[in-house]
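Each of the two complexes below includes subunit A, the first together with subunit B, the second together with subunit C.
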Partner chain A sequence: MTRIIAVAENTFRESIRDKVLYVLLFFAAATIFGSKILGWISIGQDIKIIKDICLAAMSVFGALIAIFIGASLVYKEIDKKTLYTILAQPLHRYEFVLGKYLGLVAIIGVAIVLMTGISVGYLYFMGGAVTLVWFQAILLIFMKLALITAFAILLSALVSPIMGAIIVFCIYVTGHATEVFKDLPPQFDDTISRQVLEIFYYLIPNLNTFNLQSEAANNVPVTGAYVSFALAYGLAWTAMLLILACLAFEGRDV
Partner chain B sequence: MSKRGNRIIAALLVVVLCYAATVASLMGADNTRTDEGMDDILYLPNEKLLTHFTAGLNTIIANFLWLHCIQYTALEHRGQRHFTWLEHMLFTATRLDPYFVDVYRFGAMFLSALRADPEASLRLAQEGMKKNPHSWHLPYEAAMNYLLNRRDHPDSRYYAAQYLSMSAATGRAISGVVNLAAKLQDEYDLTEIERDMWVNMLDSDDKFIRELAERKLIEIELREICRVLNERITLFAERTGQKPRSLDSLIEQGLITAVPEDPLGGEFFIGEDGKAYNTTLLEDVIIRAREDKILSALMSYRQRHDTWPASLDRLLEVGLLDEIPPHPWPGREWQYNPETGRIE
Partner chain C sequence: MTAIVTEGLSKTYKSLGKAPVHSLSDLNLTVEENEVFGFLGRNGAGKTTTIKLLTGLIHPTAGRAALFGTDIITPDARRMVGYMPEQPYFYEYLTPRETIEFYARLRGLTAEEREREWEQISALLDLRDIANRRIRGFSKGMRQRVGFAVALVGDPPLLILDEPMSGLDPLGRRMIRELILQMRDRGKTIFFSSHVLSDVEEICARVGILVSGKLAACDRISALVGDVAKSVEICARGLDSAFIANLGGQVISHEERKEGGHRLVVQDTEAANQLVVEINRAGGTLLSLHPVQESLEDFFTRIQEGAQVALPEEKQPAALAAAEE
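Right, the complex of A and B next:
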C-alpha cells in the first residue's frame, strides 16, 4: 500500500505540473463565469442556466483532464524509458498501475473541488443557492470521471496516447447513449435484436446513471438509494477496469 | 526604410486585407443564410433520438433550445406569426430536461396566447405536471387555459376549479391563486379536493398559509354541518308538514342531539327561507359578494364620475352591473352610504 501511495504522490506531483491541466481549468472557469451571458437572454432562468453550465463544465473538462492526462500516463513512462528505473525497484506492476490511477484521480478530485468552490461562490454571488442534490450530482460526476480515468489507464497500458484518447472519448459519448439499446421502439418487440441490444446495454457502462444535472439545476430531490446504487455501479465498473489494466500491464513486454 | 522593414509592412498590409476579406465574406454568408428561412435551421429530426446523443449535455442543449425558442417566438410574433416549430421545440426541450418548469410554463403561455393552440398548451402543461407535481405554476397555467382560451368548453370553469385546486394543493401557490381556487370550489361541490388542498397546506413553510389552512378546514366542516342540518330540516318538514322555526325544533323532534358549535365563534341558525346557515360562513360570502361585484363597480363609477353614485341602482343605470347581487344573509339588504362609498 505504501508503494502504491508513493507512486500516486509522484503521479500527482507530475500531473500538477502538466500545462494541459491549467489550460483545461482555465477554460472551465471561463465557461462557468461566462454562463451569466446566456442567462441574460432567458426569461428569468439565469440561476438554472448557471447551475447547468457549472455542472456541465465539471463533467466535460473533468473528462478531458482524464482523457488527455490519463491516456498518456503509462505510455509516457515507457516512451521516456523511466519505467525501467521504476520497475527495477521492489515494486509490483499492479502497484504501479494502481498508483498511477490514484494519482490521477486525486488530480481530478482537486480539479472538481476547485470547480465546485468557484461554482458555489459564483452562484451565491448571483443570488442563487445550492441544495443537497447539487452535491449529490457532483459526487456522481466525480464517480463518472473516476470510471473514465480507469478506462484511460487501461488503454494507456495497451495503445498509443492518441489512439487511447480517441477510444476513451468514443466511450464517453457512447456511454451517455446506451439507453438507446433499452428504449427501443415497439417494432423490436419479441425479436432477437431486442435481446442482443439489451446485452449491449449491460456491456457498455451507462454514464447517464451518473447524470443528475437536470435534478440539481431544478432542485428536484434524489433519493439516497439511487445515489448509492449509482456509486456501487461506478465502483464495480472501475474495479473491473483496473483489474483488466493491471492484467494488461502485467502481460505487456517492456 | 530597409528592405526588411518594407517586407514586414507589406506582410501586415496583406494580413489586414485578408482580415477585411474574412469580415466581408462572413457578412455575405450571414446575409445569404437569412434568406434561406428559419424553418430549415430549426428542424430537429427526432426528439427521442436526440435525447440519447447529447453526451450528458442534455440540460445544456435544452437551455440552448429554450433560448432559441424565445428568439424564434419573438421573430414569429413580429413576422408571419405561424409558430410552426414552436410546439416541437418546446416538447424537445422538455424531453431533454424534464424538470425545466419554466419551459412548460412559458411554453404553455406561448402556445395558447400566441399560436392560439389551447390543446397543445394544455398537453404541454399536463406533461409538465406529471414530471413536476410540486410546481404550482403548471396547473395554474392549465386553469388559465380553460378560463381564458377555452371559455366555450361546457365544463371550462369546472376543470379550471380542479386545476386551481391542484395548484393551491402544492402549498406553494401565491395567495391570488389560493383565493381563486376557493371561489371556484364554492361554485362546484369539490369538497374532497378542497379538503386535500388545505390539508397539504398545513405543511406550508408560511405561517399565514398554515393559519389560513386551519381556518379553511374548519369552514369545510361548518359547510358539512349545514348540509346535514338541511337534511334534518327536510326530514322535519316531512314529519310535521311545516318548516322548523329554529334548531331547537329539530332537537325536540330528536333529529339532532344539540345545536352544533362553531369553533370560529359563529352560530348556526335557520333562515327565513327555512335553510340552515352559519354566521361565520355567511360573513365570508358577504365579503366576497361585496368585493367581487359591488365594490369593483363602485370603484369604476368613482373613476369615471369622480364621485360615489347616489344609490346602488345607479350602477345598473350606467351599465356597470347587470343586477345587484342579493345579500347572502337571508332577510338582509345591502346598506350603502353614498357619501363614503362604503357598503355593509
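Right, the complex of A and C next:
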C-alpha cells in the first residue's frame, strides 16, 4: 500500500508541476464566467442556465484531464524509460498501475473541488440557491470521470497516447448515448447489425447514469438510493477496467 | 553464495509481421558473491536484454535465473538488486533529493531510514550541491551520478549496471570505476556491461563476452588472454641479410626497424631461446625481448570475427524456425 501511495503522490506531483492542470482549470473558469461576459445571462435572471453550464464545464474539462493525462500515463513512462528503474524495484506491477490511477483521480478530484468552489461562489453571487442535489450531481460527475480515467489507463497500457485518447473520447461520447444502441429503429429488426450494436450497448458504460444535470438545474431532489445505485454501477465498471489494465501490464515487456 | 545463476536463459522478441529476433540464446552464467563481473559485447549483442531479464523488466522466452537463490520472476528478487539502466531516466520534475526519497519509499524504507539513506548516498555521490535542483537541467555526468545513487538505495547486495561508463568524459569514467571498486570493497557484487574493453580490463576479475546473443567466452581475464599470449618479440642489431634469409619457420614475422636493426616475432619462448643463441652466434646484438600479450581488445576482435564467419550456418535454423511459425 505504501508503494501504491508513493507512486500516486508522485503522479499527482508531476501533473501539478507540469501545469497542464492550470491550463484546463483556466479554461473551465473562463467558460463559467465567459457565459456571463458573452451576455447569455444577466444577474438574477436565469440561474438554471448557469447551473447547466457549470456542470457541463466540470464534466467536459474533467474528461479532458482524464483523457489527455490518462491516455499517456503508462505509455509515457515506457517511452521515456522512467519505468525501468521503477519496475526494477521490489514492486508488483499492479501496484504501479493502481498508483498511477489513484494519482490521476486525485488530480481530477482537486480540479473538481476547485471548480465546485468557483461555481458555488458564482451561483451565490448571481443570487442562486445551492442545494443537496447540486453536490450529488457533482459527486456523480466525479464518479464518471474516475470511470473514464480507468478506461484511459487501460488503453495507455495497450496503445499509443493518441490512439488511446481517440478511443476514450469515442467512449465518452457514445457512453452518453448508449440507449441509441438499444432502442434501434424498426428497420434494424432481425439484422446482424442489430446484434452487433446491442453488443456495444453492453460493452460501453452508460454514462447518462451519472447525469443529474437537469435535476440539479431545476432543483429537483434525487433519492439517495439512486445516487448509491449510480456509484455502485460506476465502481463496478471502474474495478473491472482496472483489473484489465493490471492484467494487460503484468505480462508486458518494457 | 552465488549472486547470479542463469540456466538456458533465452529471449526472443516477436512482433507482428517481423522475423523473430533471437536477442539472447541459452545463456548459462554464474557470478559469485563479491565479484566484479564485466559483461562485454558489441552494440546489439544482447547485453541490455540480459540485464532487463535479470531485473524483471522483460520475461524470458525460455530458461530461468536466480539472484541469491531467489527466482527473478518474483518481486522479492529485486530486493537484491540495484539497477542502473543504460541511460538513466528519472522524473525530470523531481530533484535528486526527491528522487532518492521516492525510490526509498518504493523499497519500503521508513522515514528515518530514508533520511539516513539520503545522508549516506548524497555524500558518496556528491549530490549535496544539486540536492534541490530539478533533474531537467542536468548534464549527462550529473544524471549518471543520480543513476548510481538510485541503484544504491536500500543497500542491495548486487549492483547491475548497464554501460555505466558510456558517454562519459574521462573524469566521469574514473569516478564510476572508483565507485565500482569502492562497492566491491564493501562486499557488493557488481555485474556491469560495456562495449569498451579498457573499462573492463582494469577492474573486473572475470568477463563474459557476448556475441550475437550467445556467450562466446567467460573466464578470468588472465585465462582468456593467457591462452594466446605466448608469442615473443625480439629486437636485434647487426644481422646480415644471409642470416635473415635463412631464418627458420618458427619466426612468425620479421621487419626492419626504422631506427636500425630487425624486429622478429617467434611462436613461443622455446623458439625465442633458440633464436637468441643463433643471433649471438652470428655476431648480432640483442636489443630487447619481450612476450607479446594479446590484449583483451585483440582477443575480443578475434572472437567477433570467428562468430562472424560462423554466422551464416547459425542463421539457418533460425530462418527455418521462422518459416515454421
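Note that in this section the second predicted complex is superposed on the first by the 228 of 254 C-alpha atoms of A that agree within 3 Å, B and C clash if a C-alpha of one lies under 4 Å from a C-alpha of the other, contacts with A are read in each partner's own complex, and residues count from 1 in each chain.
We adopt the following convention: a residue touches a chain if its C-beta (ideal position, glycine included) is under 8 Å from a C-beta of that chain, and two chains touch if they have at least 3 such contacts.
None of these values were measured; they are calculated from a predicted model.
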Side-by-side fit of subunit B and subunit C on subunit A, or clash: fit
Which superposed partner A:G34 touches (first subunit B, second subunit C, both, neither): neither
Geometry of the superposed three-chain model: angle at subunit A (Cα centres of subunit B and subunit C, steps of 10 degrees): 170
First (subunit B), second (subunit C), both or neither touched by A:G224: neither
First, second, both or neither for A:P90, with subunit B first and subunit C second: second
Partner chain in contact with A:N208 - subunit B first, subunit C second, else both or neither: first
Partner chain(s) touched by A:G121 [first = subunit B, second = subunit C, both, neither]: neither
Partner chain(s) touched by A:D18 [first = subunit B, second = subunit C, both, neither]: second
Lowest C-alpha to C-alpha distance for subunit C against subunit B (Å): 35
Subunit A-touching residues of subunit B, taken from the complex the two chains share: 48-49, 52-60, 62-64, 66-67, 70-71, 97-102, 106, 132
In the complex, subunit A residues that touch subunit B: 38, 41-45, 48-49, 52-53, 55-56, 59-60, 172-173, 176-177, 179-180, 183, 207-208, 211, 213-215, 217-218, 220
Residue ranges of subunit A in contact with subunit C within the complex: 2-3, 6-7, 10, 13-14, 17-18, 80-92, 251, 253-254
Parts of subunit C lying in touch with subunit A, wherever the complex brings them together: 13, 52, 55-59, 75-76, 78-79, 81, 83-85, 87-91, 93-94, 102-103, 105-108, 147, 150
